[in-house]
Structure formats: structure tokens, C-alpha cells
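In what follows, a single structure is set out as C-alpha cells and then discussed.
Chain lettering (A, B, C, D, E and F) follows the sequence in which the chains are written, and residue indices restart at 1 in each chain.
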Amino acid sequence: MKLVLKISGKFFDEESSENLIVLKDTIQRLINEGHKVAIVSGGGATARKYIKMGRELGVNEAHLDLLGIWASRLNAYLLTFILSGLTYMKVPENLEEFIEKWESGKVIVTGGFQPGQSTATVAALVSEAIGADYLILATNVDGVYDKDPRYYSDAKLIPKLDTETLKKVLENSQSVKAGTYELLDPLAIKIIERSKIKVIVMNYKKLDKILDIIRGKEIGSVIQPM
Amino acid sequence: MKLVLKISGKFFDEESSENLIVLKDTIQRLINEGHKVAIVSGGGATARKYIKMGRELGVNEAHLDLLGIWASRLNAYLLTFILSGLTYMKVPENLEEFIEKWESGKVIVTGGFQPGQSTATVAALVSEAIGADYLILATNVDGVYDKDPRYYSDAKLIPKLDTETLKKVLENSQSVKAGTYELLDPLAIKIIERSKIKVIVMNYKKLDKILDIIRGKEIGSVIQPM
Amino acid sequence: MKLVLKISGKFFDEESSENLIVLKDTIQRLINEGHKVAIVSGGGATARKYIKMGRELGVNEAHLDLLGIWASRLNAYLLTFILSGLTYMKVPENLEEFIEKWESGKVIVTGGFQPGQSTATVAALVSEAIGADYLILATNVDGVYDKDPRYYSDAKLIPKLDTETLKKVLENSQSVKAGTYELLDPLAIKIIERSKIKVIVMNYKKLDKILDIIRGKEIGSVIQPM
Amino acid sequence: MKLVLKISGKFFDEESSENLIVLKDTIQRLINEGHKVAIVSGGGATARKYIKMGRELGVNEAHLDLLGIWASRLNAYLLTFILSGLTYMKVPENLEEFIEKWESGKVIVTGGFQPGQSTATVAALVSEAIGADYLILATNVDGVYDKDPRYYSDAKLIPKLDTETLKKVLENSQSVKAGTYELLDPLAIKIIERSKIKVIVMNYKKLDKILDIIRGKEIGSVIQPM
Amino acid sequence: MKLVLKISGKFFDEESSENLIVLKDTIQRLINEGHKVAIVSGGGATARKYIKMGRELGVNEAHLDLLGIWASRLNAYLLTFILSGLTYMKVPENLEEFIEKWESGKVIVTGGFQPGQSTATVAALVSEAIGADYLILATNVDGVYDKDPRYYSDAKLIPKLDTETLKKVLENSQSVKAGTYELLDPLAIKIIERSKIKVIVMNYKKLDKILDIIRGKEIGSVIQPM
Amino acid sequence: MKLVLKISGKFFDEESSENLIVLKDTIQRLINEGHKVAIVSGGGATARKYIKMGRELGVNEAHLDLLGIWASRLNAYLLTFILSGLTYMKVPENLEEFIEKWESGKVIVTGGFQPGQSTATVAALVSEAIGADYLILATNVDGVYDKDPRYYSDAKLIPKLDTETLKKVLENSQSVKAGTYELLDPLAIKIIERSKIKVIVMNYKKLDKILDIIRGKEIGSVIQPM
């Protein structure tokens, strides 16, 4: 299978060797089993730190976005070097470069591409360009919930939904918005729909069960494009 | 003033020397008067021709977008060479490269940047990055209409509107949608709003009156960001 | 075998899915049989359209050539994406880049390289750099004729000739010149001679019979370097 | 004057708007007075964070250095954007690129260049390449001390010294070593000596007095190459 | 005036400081007087040395040409650094890069561009691209002769000739061929003719009299394109 | 095994086909036996020639180093083309580019990287980045001697030594310094020590016995890092 793995910036904020070891082992196993993998990393706390300093000094929005993008590329280089031997040893800086390097047969790790574009959109574009079987969003919750699980103890995980449902959830429920929005912004959803990309939302603590989650044997959400 | 001029692909489809001469004279005059100018060109018929051939052969959406982007860059090179002496002699291929070249003090001409991103969005990003006074959308109608002027003889041009009004027009009126949509997609509007960019919609046949249109002395529409 | 396939710009002007499907199938078959292939595409009508607009506005010859080169690269990107999976996913812009990418083992598709240099010369340089067994010129006639077949009903195809004979045909017969000249200009012939490159001229409608033409079983012309 | 300003990574660790405002004002003033400025930024805490994560996962020394270099480039981009208008808008990644961009007449901000090379060495190379009048090391102490001021209350600042004296201080006094070593490693000293570059060590809290420090009117150390 | 100066490889073979000092002073003076200058350097003995070693080991013609091109770029870097302050500090590797850098307003020094292309052709292309007033070929003889001055004591310098005459000289007189051929190969002449570029042939020992030679006051040959 | 082979510039100065043939055969054999190889070439006489000319004209040290680096890259291109088929066809210009290209599985040939950095340091960095089993220094003597073998007939080759011993030899014995110093400067030794790289010093006349030398069956010196 061709898999695109989007790793939330929060993954890096935990500065946890354990997280990184699980990721390393998972990618190694996927490659051994013959899958092809691309990884997109978010910017996390490093991005927020630099954006905050820049904003206080009056830096404009496009340049602030670039600071966030460079922070996400730093995360991408960390993964590139940790996975050394499996990975292409340069982080591509736009989709054209990604497409060129993908042909090397190596795991490509990328951060952000362009201002005004989330890393979720980057992951959707990458999925479209390579014809990915799944776009996997690895984050710090177990999937998509009907309410924000941080505030509602009765929030329920939705194991299967389509993009229309996802968009309604985003529109109707303010409280859910903030948390879920980072998963998929409107442009990412548009790309997912136009190219019929299947999306999995899962917890990065369960990366070792990634294939079971895809097969529906473990907790996670599957989003079907309309 | 700092001006970003987005030229519709239709401008090039007319293959009109007269269009090109007016454009050349206008840019020369703006530079002489001390303004700084960036130009973003659409893809037009050349883009559609290559996308059509690619689609018939099963090329994926990301790669089709790239064909359109390369066509828009061909239009951008045409303008670059016609304006030789005023222009930076390479068409930037992403926002980071644009930002770098902008410092040369020359007119920068660019086409598309990335799949999943309209040239209107490119123009909005460029406007944000340089802090443009106006983003000017030069197209084949005189401005934004309350109805599609191709079908309704009583369609009225709206001389001033805000982005909220623009979005309502786009949502409510199906017939207007197609035509206007190419002007500004949701991502472009989001960027315009977050950085408070003033937008002018005008006819590329009236490029020689561009400053009068900005001053409200000639026909066109001014969009105020909310 | 190592084959360099030069595709005339006319191939693209026909905007024919059938042409493209035959090309795709042929390249796939050649790869399956273990051959290595490089493709050089001409600029065709797209090149002429942009050169015409530029010339009317006083663009200089070097820049007009660049417009033609960018048009040929657009054709090259179309083939690159259609042949996706077999091809290196970036069109090289000069011989040094071509040489670097050739080592990837993928089909490399290229357009023009430099002003003052025909795509036939590009194809000859590419053939020399990789030590091609054959440089194949796929065009809209069946081979080299003793007279221009568009004007003379008794024109005869020359199945075998050497470069000295080719040059005489080009010098003596004005009517043949125009048509044949586009096949091989003097610089291309010089490179063919210095590196003893065998050349085939054939009709792009018969691409599926390319190996039979090389073996002399189908209609085409073989040019032997002196 | 041509000045190279090396900013310690600690400057960024303080995440202080005040620090950044003083730096911005200082650079603006230097440019207004006709000086030419290059800036080299260290990696600081961001570098250490990523190097620590990489080391725990067994990343090799060359790749760990690259993580530090990318962190220092992130600091360099922050300064580039804060000083937007004065700066060249791309951070060069090696000396050849720096030399090329320096000709733009803009302030060039750079981070690290190569593994096995400190940012002090980068600053020395940059100073040599442009023939800098002064290489200024802005750090979190007031200059070079005879003992480590963090441990010895009687440590005395040395207002003037030559590189031979500096090397002896580094060799003889273990306690001083660590702190001072980051200022100038042996390779940086070698470059300073071969090209006779004058060096100033000063506190980044006093950047607004940079010209007074150069003139010896304010606290700092001047190192004369042998 | 816009001047393109092609320096023969023999200039560098003499390893003469005097040659280099005269060149430096000349360029400085031309810039001071407001002229714009591009320089193209040949490969000379360094090129021949590497081509000889490569040929003995069976390197193909395209790669041998690249060795010669890299040698000419080394000569170009020598000039770039000697003229530091006046020059753009990177040697462009193809015409597109040259065109981009020319806009910097600096003296651009270039070596060869592409295999199968002489540095005379490079100089012609550069002249065409910038609309040069004169292409000056500085070599080790005083101009174009009716016979080879190395063998015929009665050889006469031709002060004015057109490209038709030049071509006849090249065709009819074998003995002149070798020496003159390096000045202008057929492709270079074709470019000179299509863009009507005026050419001066002069001795590099007389670089300090370059403007007098252009004005016809000193010894040299002027070639008028047909 | 992973081997980094540093070829002294003197190897190229001999302009000997025999040297080159032995090198070619050796690399071919190493690849056939499954080893992975990177090559770093020195600058030799070509470097000295250009540095001398530059120095006479007042070129600064950083730019002189660049002339030497470009000369070493010319040597690297010669090897790249001679080994065509085995090699990656572009010479990387810095460590980041080397690391990226190394993943191609081809032999990478590189010259110098940065001013202020010897090609020995380049070779040490490359060895560290790829985790080389051996860094082999091929020069014009048989190994490390206790005295300079050019002046002392009783100089003895040291078959095994550690880096501490090497440094003492360098410090204590002036006469040895010059000759050995070019092998390993302090920065190269620092990198060798921090990454525990095993080093072999051997004569490039004996390249065909390289594996025997590694196994201690032939004359050469092994340096063990401390």
C-alpha cells in the first residue's frame, strides 16, 4: 500500500524518545512488509515559539507562516535522520520537489510547503500526487468525536464518517471546531474529495497498531470522501 | 504604491498585440511614477488544452494542476520578456522564491505556485508578503455584478463591496458563481481578510486607466476586506 | 538498447489521444523488454504562438527562443505525467541536469535546452552523452525523401543514407530543405558524426512498430554517420 | 565600515521582545549611517533540544550537527523577517551562496553552514570573504575575562588582547575554557589570524552601544590578530 | 555601451600578472565611464590537459566537452575574484542563469555553457540576449588576416569585413582556418547574423586600447553582420 | 564495507593514464565485491596555479580557497566521467548535497566543500556522515613515517598508530610536519576522534592492493582514533 502519514506537531512537543522509537519501528516494519510511505510533520511548539516572537515584532502573516514552515521542516529533518537508511536525506520544500524525490523509492519526510496552507493540506496534496491508499492523521486523540473530548466526558468517537458529515460536525459544533479543525481545513477536504482519498484519524501513541486501525480492528476513525 | 496585478488567462487567449501593448505601456508608466509592481498571470486556453489532453490519458489531479501551472508560467515568461528591462528575468516558482526576488526592486512576474491553489490565491499571498496597497484583478468584465452579466441584461456592477457581501453573492446566486468564482476562491478571500488587503476588480481592456479606477474615477469594483 | 526518441512538435499539435496512447504503450513495451529510453519533445504550435506574440512586441531572438523552449518543456511535462511511473518526474533544463538524472534509471523526458539550439541538437547531445544505440526522429512523414513529398507525387523515400548524402540533399534541393531541415540542422549532424550515432527517421503514427523499423522490416530511413 | 555581527544562540533563548527591538533599532541605525552589515546567528536552546532528541535515537554526529545548523537557520529567518526591508530575504546555506548574495547590498543573515564547523567559524569565514573591518561577537557576558566570571567574583575583563594571549587563556585556564571556547574555536582563530580580522567581544544587552564599544568608549574586549 | 568581451583561453595560459592587471584596469575604467560589461572566458591549456586525460581513458565527447567547460569556468572564477567589487560573484552555468544575473547591474563573468557549443557561441548568445553594442574577441593576434600570420610573413590584417567575407575566408583558405576558426564557428556566425551583432577582433595585449579599437583608431578588425 | 577514498592532488599532477587505469579498475573491483565507495579528490597543481595567479592580483584568502576548491572539483569531474556508469554524475558542492546524493547507491566523487577546510576534513566529514568502515588516504608515500622520508634515509614507516601518537609526531618533529600535515589537519583529526573513524594511509601507486593494505598484508599505516 501507499501510505501518507501526517504527524501532528504535538508529537514532537512531548520530546519523548519512546514516541520516536515507536515511530521508527513502525516505519521500519511497514517498509519491510513492502509498503511505500511518505511522512508530513507539523510544526508544534517550535513553530508557535517563533511565530510568537515574530508577531510581537510586527512580522507579516506570510512571513509568520514561513517561520512555522521552517519549524515543521526542522521536525521533518529530525525524522529524516532518525530513519536514516530508509529515508531520502533531504526535506522537499514544495510539491514539485516532493514529486521528483518520491521516485527514489525512499521514505520522503516533508514539513510545510507554502504560506496560507496547513500541513494537513500538504498531506492531502502529497496523497493525491502519489495516489495514496490512505492518508493517516496521527494526532493526540483517538479519532473524530461528536463533541470535543477535552470538555465533554460523554463525547463519542465516530468510527466511520464521510466528508459531508465531517463538514457538518465542523460547522454545527463550535466546541469541536478548534480541536478537529487542525485535522482537516476546507482546502484539505476539497482535495480529499476531488481525488477520493481515504483518511484515517488515529492516536500517535498507537502507531504500532497502524495496520490494525486501517483494517478497523483497532480504535480510530475512517473518513470516506464524498 | 505597491500593486499586485493579477492578469486573467483570457487576456492571453485573445492573442492580441493591442492588449500586450497597453499592458506594457501601463507598467512602464506605473514604474516611471515610482510605484512597485508584481504581476501574476493565469493559465488560460493553453492551460486548458494541456489539462484536457492529460485528463484523457488518466493523469491525476495534482499533475493536471501542474500542467496548468506550467502553462501560466509560459504566460508569465511572455510578459517577463515583453517587459524586459523592467522585469526580473526569471519567473519564481513558489512564494519563498518570489519573496527573495522581490528585493531586487524589479517587476516580478509569476504564474501559479502549487497544485490545489488558484492563481488568485497566489496573487493574494504575494500581496500579503509584500504588504501591497492594492491587489488588482484584471479580467474580461468591468467588475463584480449582482447577476452574471453574460445572461442577465439588467445585471448591475457593484462599485463597492466587502468580503462578507462578496461571499454571500457567491453562495446565494448560482448563476454568478461560475464567473465570479474564478476571481476569488475561499482561500484567497481568507488571506485577503487576515491581512486586510484591498482588492480592485477591473477590465483588462482598461489597464491604461488603472490609477483612475483605484481612485474611483473609472468603472470597476472595490472589495474591502472584513 | 539505449534509445533516444525525438518527438516532433507536430505530434502535440494534433491534440490526439490516440497518438498519446500509442506513445504510452510503446514506451511501456520498450521498458518491459529491457530497453532504456530518453525522450526529447519539440515545441510545435504552442511554441509558435508564443514566439509570434513576443516577436510582435519586439522581444529579442534569444528570448523568443526561450519562449519556444518553455513551450517544448510544457510538452515534455505532458509526456512525463502521462508516462508517470516510468518517468523521472522533472524535466531537465540543460545537458548537465539530464546527465545527472539519467542515472536514476527512469525514462527522462526533456524539451529544449538553450537558445540558438534546435531540439534536434538537444536529441543529438543526449544521444552522445548516454552512448545511445539509436537516435529516432519521430515526425509526420515516413522518412527522408529525395524530394518534398508534400509537393512531388513521385518523391521517393530513401531507406538508407549517410550524413554526407543527407547534407547534399539539404544543400541541392531547396524544396526538400524546409521539411527536412527541421529533422537535423548542421550542429546536430556535426555531433552525430563526431560520435557516430545511428539515426532513424520515422512516422510518429507508426511508433508501435519502432523496433521493426530499427530492424529494417518497416518503412523508415536509416542515416549512417560518416 | 563593514561589520559582521555574530549573535549567540542565548540571545534567542531569552525569547525577549526587548532584545529583538534593540537589535532591530541597532541594525537600522548602522544602515542609516552607511555601514554594511552581515549577521550570523547561533542555534541556542532550539539546537540543543533537537540534537538531544536525535542523539537519544542514535543519530550520527554529522547529522546531529545538521540539526543544530537548521535550528540556527530558523533563528536566522526570524531575524531576516524582523529586519524585513533591510535584509536579503533568504538565509544562505554555505559560503559560496553568502558571497553571491552579499553583492545585493542588503543585510545578509546566516546560520550555520557545515557540520564540524562552529557558527564562530562561519562568522570568521564571512568576515574574511567580505574584508570586514570588525567581527563582533555579541554574547551574554561583557567580554573576555581572565577567569570564568560565573564562578570567580574577582574575574577581570581584558579590554585588549591578541590571539596568542587568547589561545593561552584557553589552554591554561580550564574553568574559563568552556565559556570562552564557544566564542572562538581553533579554526575560527586560524582564519582570524591568516586574514588579520579585528574581533570585538561584547554583551548583546548593549547592542545599542556597539559603535562606542568599537571605539573603546564602552565595556567590551578587542582581540587583535597576530 | 553594452560590451561582451570574449577572452581567449590563451590569455590564461600565459599565467601573466601583467595580462591580468591590464584586464582589471580596463574593466574598471569601462565601468567608471558608464559602460556595461559581460565577460566570457575560454578554457585554454587547463581545458586541454583534462580533455587529454579523459580521452585516454575513453570518456565520451559530451563528457570531454564538460571537462573543457568546467576548466573555462575555473578561468571565469579567477576573473570574477580578481574583479571582486565589480563582478557578480557566481559564474552562471547556462544562458537562462546569465540572463537572470545580468539584471544585477554587475559585470557577469561566464565560461562555457553546454557541450557541442564553443565559448564563441556562448559569447554570441550572451550578446544577443543583452542587445550588446559590440562583441569583442580578445585573442593572441591583432585581428582577422587574409592568411595565417603564423606561416605567411605577407599576411595582411583586414580592418573591416562582413560575415559573408569571413565565411569565404574560412572556406577557401585552409591554413587560415585553424587559427580563425576558434574565433567564430558557424553557429556563432548564424547568431551574429540573425541579431546583427557587431564584432571586433583584437589582441588581448591591447585591452587598454579597447575603446580606440572600437572607434577604429587602433589596430583590430571589425566584422559587420550581413 | 563502506570506504571513503581521499586521493591526493599529486595523483592528478602526474597526468598518468596508468594511475587512472589502476584507480578505475580498483573502484570497479570494489563495487563488484559489494563495497560502497565515496571518493574525495585534492586540488594539486591546478589549484596551486590558480591560487598563485589570484594571490598576485590581491584576491583574499576565502576567494583563493574557492579557486582551490573549484580546481579540486575539476579533478573530481575527471574521475566522475572516467568512472561513468559507476558514479553519480554530479560533483556535490557541500556535505548536505553529498548526503542527499549518497542515497543513490552510486559512487559519489567530491572535491572541496568550503573555504577554511582541507579536503582531508571533507573526507573525514563524509566518512562520519555515512559511517564509513575506513577512511583511506591515498598519497605519494607508503604511509606515516617517524621522520620525513624525503630527507632521512633511515625514516621508518609506522604500521599502526593512534591519533594521540599522530598528533605528537606532528607537534614534535618539524621535518615530518609539512609532509604529514597535508594528510590530516587538526579539524580532520577532531572529527575522526569524535566518530571513531579508522584511517589508512597508503601509496596511490598501490591502489590495486587496497584490500590487502586494509587487512595489514601490504605496506601502509593504520591510524586508530582515540
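Operating definition for what follows: a residue touches a chain if its C-beta (ideal position, glycine included) is under 8 Å from a C-beta of that chain, and two chains touch if they have at least 3 such contacts.
From a predicted model like this one, the values you see are computed outputs, not experimental measurements.
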Chains contacting each of chain C and chain E, listed by label: B, F
Distance between chain centroids, defined by C-alpha means - chain B, chain D (Å): 44
Distance from chain F to chain E - Cα centre to Cα centre, in angstrom: 37
Junction residues of chain D, two or more chains touched: 60, 63, 66, 96, 99, 104
Category of the chain touch graph - line, ring, star, complete, other: other
Those chain pairs that satisfy the touch definition: A-B, A-C, A-D, A-F, B-C, B-D, B-E, C-E, C-F, D-E, D-F, E-F
Chain D to chain E touching residues, read off their complex: 96, 99-100, 102-104
Of all residues in chain C, those that touch chain E in their complex: 60-63, 66, 93-96, 99, 113-117, 121, 124-125, 128-129, 131, 186-187, 190-191, 194-195
Contact footprint of chain E on chain B as seen in their complex: 88-90, 104, 106
Residues of chain D that touch chain A when the two form their complex: 12, 15, 17, 20-21, 24, 46, 49-50, 52-54, 56-60, 63-64, 66-67, 70-71, 73-74, 77-78, 81-82, 84
